[in-house]
């Protein structure tokens, strides 16, 4: 246990993170690209038509993975936030603030695809459906985390405040969802849901591929953002200069530029 | 290097930082009961940051920092309970009377019920204890603030510009209060631009600690506190 | 740390809570304008609603209770900033955070004082708003009860929000952006109760849920706010 703890701590130290995150990021992006192509081809071309909804059902291959990601990323932020506050691990703070824009992006994607699906199905872009409405509230929770982080001039203090807000939000999300559901049944009763009918295997596998692809995209994007934020926060430290050594030497070699000795 | 338990504050290689940059060269000191440490240094060198850091209001880096022989950060709460801060912010509510403000802080600092009139007299605020703080002058506010230093008999005083806004008798009052605190076995850490009157009782007991600005270098990150 | 079970701990807790409550209430009552401004604001919002909907009584009756309630809520949201702003400006917040004493009872005292003065003073606007918006007196009990509960819940939610933003000088807007989404359950259940009362349905379920959410905030928010205040240290 102790050895594992030590190992994890070393893995999270800024220079080590910089070293291992680069290859992981590239692999995640490449795999995400390949799997997305396969999944979309399978879903949009190969999968048979839904007997109830026709072609419109195909939007689930984007909508459902995005919706699942929008929720799981918030949980991920809260877990990282808790780790950041309890053990004061810097990389966890960075993960919280870097995951927020990605989560917000997935939430927007969920909302947009949900609305596009709603137009032919319900005849309107927006209905006050419980899921759609709680998704909108979730978007505002993400925006709150992002806005709070950006309001702090001290990046670390901002990241810690954002961590607290993410934890509070994750406690609140089930309550919000339940209250919205209560409200929606009160006003209009049950509606058709996007994933109501049972799926045939030929419809299911592209969905699973898209699930994995969305997670890999999240991982790659998170690592990319974390690397940029880390360099920003640690700029001037010895390891950053070492890590970026090639780049600075290239820059100083350019003609017309005065070389700066650090 | 372990300091004796009677040492009130013992610091080794203490650095204050702002935005990830070290402010001053690492300092080490031992503060014994009855001692006053006088922090010197130019504006912006981090005197106030050092005091705030000792209170737990800002980040400090150190090799070791012990309060009454107990190492920080484990002893943080104990240190906070036995440390009092005199800052340029009065922490007095301007709409309430002096006595009402005092009573709130006396309860917080677990001080026995106070006699406001008596306390006002010792601080040169005769008859002002029922006036709202807003009606006091800056110097009178400072005198009212001095009362908070004594509540709960803290072992360590951190004084940020204790003589600011005070007249001659006010300065004498602060010097007398510090002397009484030191005589009772307390210790104090003070920043000030004001010069101590040479030959005053306080000047003889004061040790100077000069803060020098750090060369531009980032401090290595500590994974914890 | 003293053990949480000892009688000394409980009496110390009560002592701190009551001391903070009295200290805070005194300040709020000394500044009556801070209590009156939100009332004026709420009445103005109701007036805007009247202008927006039009003077026909049948149209107004449909939205009036919701409009009234939203006016009261917005007024509460706007005054939330006042929970900590003076403590930050005069150094009380630093002195409290650095005191090494129990912060939670003090936060309870602050939130309760805010609720009693800032929140409940808005009830004074209720009769005027009801007359303006042509709301029947039979709705008064449920309006009063839901507002009392919701303003209690918001006072505690505001404790977290203003603890997060007090050192930023970012103002009420950021606070609203953080707190409004978190307040959705409170809003849904209170407006649900009002709608049910308006339609003559049973209000038991929404009032029960509203009380449950408020209770949860009452228990958890001071702990969270304490966490926020000790995290905000070190800028």
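Chains here go by letter, A, B and C, matching the order in which they are written, and residues are numbered from 1 within each.
The rule is short, and it goes like this: contacts are C-beta pairs under 8 Å (C-beta built on N, C-alpha and C of every residue); 3 or more make two chains touch, one makes a residue touch a chain.
Remember, it's a predicted structure, so these values are computed and weren't measured experimentally.
S.K.: With centres defined from CA atoms, tell me which chain sits nearest the overall protein centre.
M.R.: Answer by centroid distance: C.
S.K.: What chain lies farthest away from subunit B once each centre is taken as the mean of the Cα atoms?
M.R.: Most remote chain from subunit B, centroid-wise, comes out as A.
S.K.: Quick check: how many Å separate the C-alpha centres of subunit A and subunit B?
M.R.: Roughly 46 Å, centre to centre.
S.K.: Please compute the C-alpha centroid of subunit B, do the same for subunit C, then give the distance between them in whole Å.
M.R.: Their C-alpha centroids are separated by 36 Å.
S.K.: Can you give the whole-Å distance between the Cα centres of subunit A and subunit C?
M.R.: Distance between chain centres, rounded to whole Å: 33 Å.
S.K.: At least two other chains touched by the same residue of subunit C: list those residues.
M.R.: Subunit C, residues with two or more chain partners: 234-235.
S.K.: Would you please write down the residue numbers of subunit A that are in contact with two or more other chains?
M.R.: Each of 154 in subunit A touches at least two other chains.
S.K.: Name, in rising order, each residue of subunit C that touches subunit A in their complex.
M.R.: The contact residues of subunit C facing subunit A are 160, 164-165, 168, 170, 174, 177-178, 180-182, 184-185, 188-189, 192, 209, 213, 216, 220, 224, 227-228, 231-232, 234-235.
S.K.: Which of the residues in subunit B come into contact with subunit C in the complex?
M.R.: Residue positions touching the partner: 52, 55-59, 76-83, 85, 87, 89-96, 100, 103-105, 107-110, 148.
S.K.: Using the touch rule from the top, collect the residues of subunit A that touch subunit C in their complex.
M.R.: Contacts found on subunit A: 85, 137, 140-141, 143-144, 147-148, 151-154, 156-157, 160-161, 163-165, 168-169, 171-172, 175-176, 178-180, 182-183, 186.
S.K.: For the complex, give me every residue of subunit C touching subunit B.
M.R.: Listed in rising order, the residues of subunit C that touch subunit B are 1, 15-16, 19-20, 23, 26-27, 30-31, 86, 89-92, 94-101, 106, 233-235.
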